[in-house]
Amino acid sequence: MISVKNLHKSFGDTEVLKGIEAEIAEKEVVCVIGPSGSGKSTFLRCLNLLEEITSGDVYIEGDNIADKKININEVRSRVGMVFQHFNLFPHRTVLENITLGPIKVKGMNKQEAEKVALPLLEKVGLSDKAHVYPESLSGGQKQRVAIARSLAMEPRIMLFDEPTSALDPELVGDVLEVMKDLAKEGMTMVVVTHEMGFAKEVGDRVLFMDEGIIMEEDTPDNIFDNPQNPRTQEFLSKVL
Amino acid sequence: GGTEANNADATETYTVATDNNFVPFEFMNEETGEMEGFDIDLIKAIAEEAGFEINIESMKFDGVVSGMQSGRFDIGIAGMTITEERKETIDFSDPYYDAGLMIAVSEDNNEIESEADLAGKKVGTRSGTTSEQYIKDNHPDAELVTFPGIVEAYMDLESGRLDAVMYDVPNVQYYVANDAAGLKTVGEILQGEQYGIAFPQDSELVEDVNTALQTLIDNGTYDDIYEEWFGERKYGTESSE
Amino acid sequence: MEFITESHYYRVMPFLLEGLVWTLLITVVGLIIGFILGAIFGFARLSHNKIIYGIATVYVEAVRGTPILAQILFIYFGLSDLTGINIDKISASIIAIAINAGAYIAEIVRGAVYSIDKGQMEAGRSVGLTRNQTMRYIIWPQAFRRMIPPLGNQFVISLKDTSLFSVIAVTELLYMGQQYYGSTFAAFEALTMVCLMYLLITVPTAVYLRRVERRLDV
Amino acid sequence: MEFITESHYYRVMPFLLEGLVWTLLITVVGLIIGFILGAIFGFARLSHNKIIYGIATVYVEAVRGTPILAQILFIYFGLSDLTGINIDKISASIIAIAINAGAYIAEIVRGAVYSIDKGQMEAGRSVGLTRNQTMRYIIWPQAFRRMIPPLGNQFVISLKDTSLFSVIAVTELLYMGQQYYGSTFAAFEALTMVCLMYLLITVPTAVYLRRVERRLDV
Amino acid sequence: MISVKNLHKSFGDTEVLKGIEAEIAEKEVVCVIGPSGSGKSTFLRCLNLLEEITSGDVYIEGDNIADKKININEVRSRVGMVFQHFNLFPHRTVLENITLGPIKVKGMNKQEAEKVALPLLEKVGLSDKAHVYPESLSGGQKQRVAIARSLAMEPRIMLFDEPTSALDPELVGDVLEVMKDLAKEGMTMVVVTHEMGFAKEVGDRVLFMDEGIIMEEDTPDNIFDNPQNPRTQEFLSKVL
């Protein structure tokens, strides 16, 4: 489903991704861990072209998105993204946040888009919040709306960049619950996270990134209980 | 007001208000940046004759008029026409220059040949002047445009946005003589006028200045100055030199 | 009663009301065009294209670095001197306000767009909107709200700037006041009323803007 | 060579240089007085005394709500009309800049002092300094650094504002340019050079200020 | 040394201190604990008149500082205060921060003031930082400078308002160390703190404040192990 070959990314003179290799199968849930600054976010952002790819190839369902001729917007509507800081549109209601993509990108009318949006709102447990503005939501509610907003585009792949790390501890659970449901329904997911519990329970595979490459990858059980790479060992000893 | 204060002053230095740009009576010399012109030379000669010092301050014409009226300055010399209306608030010396109003138009304008043709035309002049009053009184059907400075009126005429400018004769003639402007005069001199030196009401200076002016006319100094700026000797006196 | 209707404070009013109409007309029309210019050059100042950025910067700096009085004279006399094209004084005034305010509004637009969190653009793009769609539906509406207080402030500034157009005999508020005292010598009364007329518009605007600003802050 | 020295661009320069001297003199002296006024009224606007606050607010709003051109006419003609006190035009210009800039500087001072963390006053007082000492040794030096960019901006604004004093025939930069084209009709050339002279001062000032601002930000 | 009698303090209509009674002896170290908003900071600030006293009496070494005729500045130089956010003067070097009070209030010259300041800097372990500006210090270092700054006025009493709660955990220790030394030297101290360890080890007495009054006071051991008041019990159950 996703195939990453020798992916490099530089900002000016500093190379942040130094040759990433990764294969992600359909319906797989892959968690990405690693120290701060190792390039996790940059990797994720390359997968939906929020960052231009410096060199290498990234195939999404067979299309090489590193190819300049690709239709970026079409790729992006196949790949949803959820951010650490939610990035809801503050001047639009919760419902409008969700329907904007379907209306403007897929050309639906308002009724059609709401028919897509309302079940999604129900799925994330926020049906009663359809007509409020984001400012009146808690962080956890915001993140669930952000997930619904992404899902409204019916993406084939979902990317999550530390979706719970800006939340108060008591609000993390609801968001993880929604993500677990998604995984159970068979969504292909790439999740940058520090929630080791989630990785263990839901993840099919964990990638450990450091210094711009994937240092080690394995099942959650193997990686957490028996890491091979000394860097992985050091990182996990600090975090767990 | 300033008059009493300055009269009490032992050094007897008087502030003379003058127009900032009214060639050839008073204007700034391009090279030196000093004010010069007929009025400037004349008031200097009068001051010397009457035995007082002066301090020249230039400003827009309406500032001179309201400054005299409010007693802000001791003396005003700015090509100021003596009118009954102004006499109500300002004292004047004896007349020192015979003037009048004149119309200037663009060189290629054949429509306006005299003041009779001004109806419906855009006529420019300067705020607070006798020209403004004249147009209001005699040509209510002309479209009057008044500028704070006369230069802007000539420039507007030159660019074709005005059809005519009416202003004091010597000034109009000066601009018409300037090739850069591309203007010509039409019609006759309108409304014979005389310029006088202005004073705040009841100023004690009026008599001294009148005496000095007469002396200058008699001894030929006036004609020297007149000749320098207008190329002829008004009273036909011998040069004083 | 005669005492009142005889006073200069009263007699100057018909003049000033006529002047006020022109003042407002020039300000409002000038600002509408200025807003369009400001939006164009504001986005140009955000462009990564060096030429577009350069042109916009020269415009903004040249306008903000020279007095508006010089600008109106330049537009009214300088351009006609150079090109022979004559624009009437009201049009020249409107153009002067538009060009002048345009440069300041460009900076307002740039600042407001710049202040919108970068995550908004990313979120817009990641639901599949194009760059332009995101700008139009996501960034601009948010930026516009932040522009209201500085735009209101620019209205006050431009309103006051129209007073300078008296040099080319535009019959705006201050010019009409000057006309009045030119013939009556009642400078104090006329100018007091002129100032009051300006304050009648500017002070409520300022008060209103401060309230908007406080609301946006929350 | 003659071609150059004959051109209007060249011949207007002696005029403009003389005008520039007056422009700078009025601006600098006006701003020095304006800064003193601004400091006084800025602190008054921070006062808890309602009368002091009220007076300062009326001053600031009245000045910021009316055009500086009306202010200079008021000072030069209106006041002498009312009181009979006459001030010469250079003094009137300096006073106008001082009073006008004073109101804007008052807001700059108020904003800068207000922006200093309240803990600084508490820390100063808790080591035994009086309110005044804390203001002088702790708050003011910090506030002053933050005032440098907006004060520089005010310098640019006031410099441009001096151009309006051409209406009372102050021989500042723009007036001297007008004088030149009044006799030569070379409006385009004269006004171009006038604008360049302003830019020669305002652009480096703006560039420098942006650098200071960036440094203060860090 | 400090004697507080029926101290009331209102901000506008809301009464924050509702009749505080407290006696603090010379060389005593008193810790103040209590929930957020209970008035702990306000109480402390009344003790050196950073807040005007609404009613009641506060005697400091026998002088009633609630008396309007008192010389506030003189009182303040007898009572030092250390704030949660340090409040160092950013435009002055560390040394100048410390010497400002002695120079301006006590009229010392620069040499005399530095003779006072340098040993204090040594005491808080920052002799090498005398000539740097506060911005280059860590939070813990800043707080130690703030303590030295207070001590330079040779106060008879020191007030601390949550001196360690803005610090990263690994920087708390150094600051508490300095405070312990001060206590050992016999300084009279009133410390608002959530560091129960410090209260137990150094405190002679703990005051528990809630809703603007002192609900309970006792030795640290008694209060932490055997609180009497149900409010105290509830508060401690959450915090410990």
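Each chain gets a letter, A, B, C, D and E, in the order it is written, and its residues are counted from 1.
Going forward, contacts are C-beta pairs under 8 Å (C-beta built on N, C-alpha and C of every residue); 3 or more make two chains touch, one makes a residue touch a chain.
From a predicted model like this one, the values you see are computed outputs, not experimental measurements.
Chemist: Give me the set of chains touching chain D intersected with the set touching chain E.
Modeler: Output, common partners of chain D and chain E: nil, no chain qualifies.
Chemist: If each hop has to land on a touching chain, what is the smallest number of hops from chain A to chain D?
Modeler: Each step joins two touching chains, and the minimum needed here is 2.
Chemist: Listed by label, which chains are in contact with chain B and with chain E?
Modeler: Output, common partners of chain B and chain E: D.
Chemist: Out of every possible chain pairing, name the one holding the most C-beta contact pairs.
Modeler: C-D
Chemist: State the chain with the largest centre-to-centre distance from chain C, centres being mean CA positions.
Modeler: Looking at centroid distances, E is the chain farthest away.
Chemist: Roughly how far is chain A from chain C, centre to centre by C-alpha average, rounded to an integer in Å?
Modeler: Chain centres of chain A and chain C, defined by C-alpha means, are spaced 46 Å apart.
Chemist: Between chain C and chain D, what's the gap in Å when you average each chain's C-alpha atoms?
Modeler: Each chain reduced to its C-alpha mean, chain C and chain D end up 20 Å apart.
Chemist: For chain B and chain D, let me know how many angstrom lie between their CA-based centres, rounded off.
Modeler: 35
Chemist: Between chain A and chain B, what's the gap in Å when you average each chain's C-alpha atoms?
Modeler: Their C-alpha centroids are separated by 83 Å.
Chemist: Hunt down the residues of chain C that sit against at least two other chains at once, touch-wise.
Modeler: 77, 80-81, 166-167, 178, 181, 185, 187
Chemist: Tell me, which residues of chain B touch at least two other chains?
Modeler: In chain B, 66, 70, 148-149, 155 touch at least two other chains.
Chemist: Touching two or more other chains, which residues of chain A qualify?
Modeler: In chain A, nothing touches at least two other chains.
Chemist: Please give all chain pairs that are in touch with each other.
Modeler: Pairs of chains that touch one another: A-C, B-C, B-D, C-D, D-E.
Chemist: So in the complex, which bits of chain D are touching chain E?
Modeler: 117, 119-120, 122-130, 133, 137-138, 141-142, 145
Chemist: Which residues of chain A touch chain C once you look at their complex with the stated criterion?
Modeler: Where chain A meets chain C, its residues are 48, 50, 73-74, 76-77, 79-81, 83, 85, 87-91, 100-101, 104-105, 146, 149-150, 152-153.
Chemist: Quick one: which bits of chain D touch chain B in the complex? Just the residue numbers, please.
Modeler: Counting only chain D, the residues touching chain B are 11, 14-15, 18, 76-77, 80-81, 84, 86, 88-89, 167-169, 171, 178-187.
Chemist: Can you list the chain C residues touching chain D in their complex?
Modeler: 61-62, 64-71, 73-74, 77-82, 156, 160-161, 163-164, 166-167, 174, 177-178, 181, 185-188, 191-192, 194-195, 198-199, 202-203, 206
Chemist: Considering only the defined contacts, which chain B positions touch chain C in the complex?
Modeler: Residues in contact with chain C: 62, 65-66, 69-70, 89, 124, 127-128, 145-149, 152, 155-156, 159-161.
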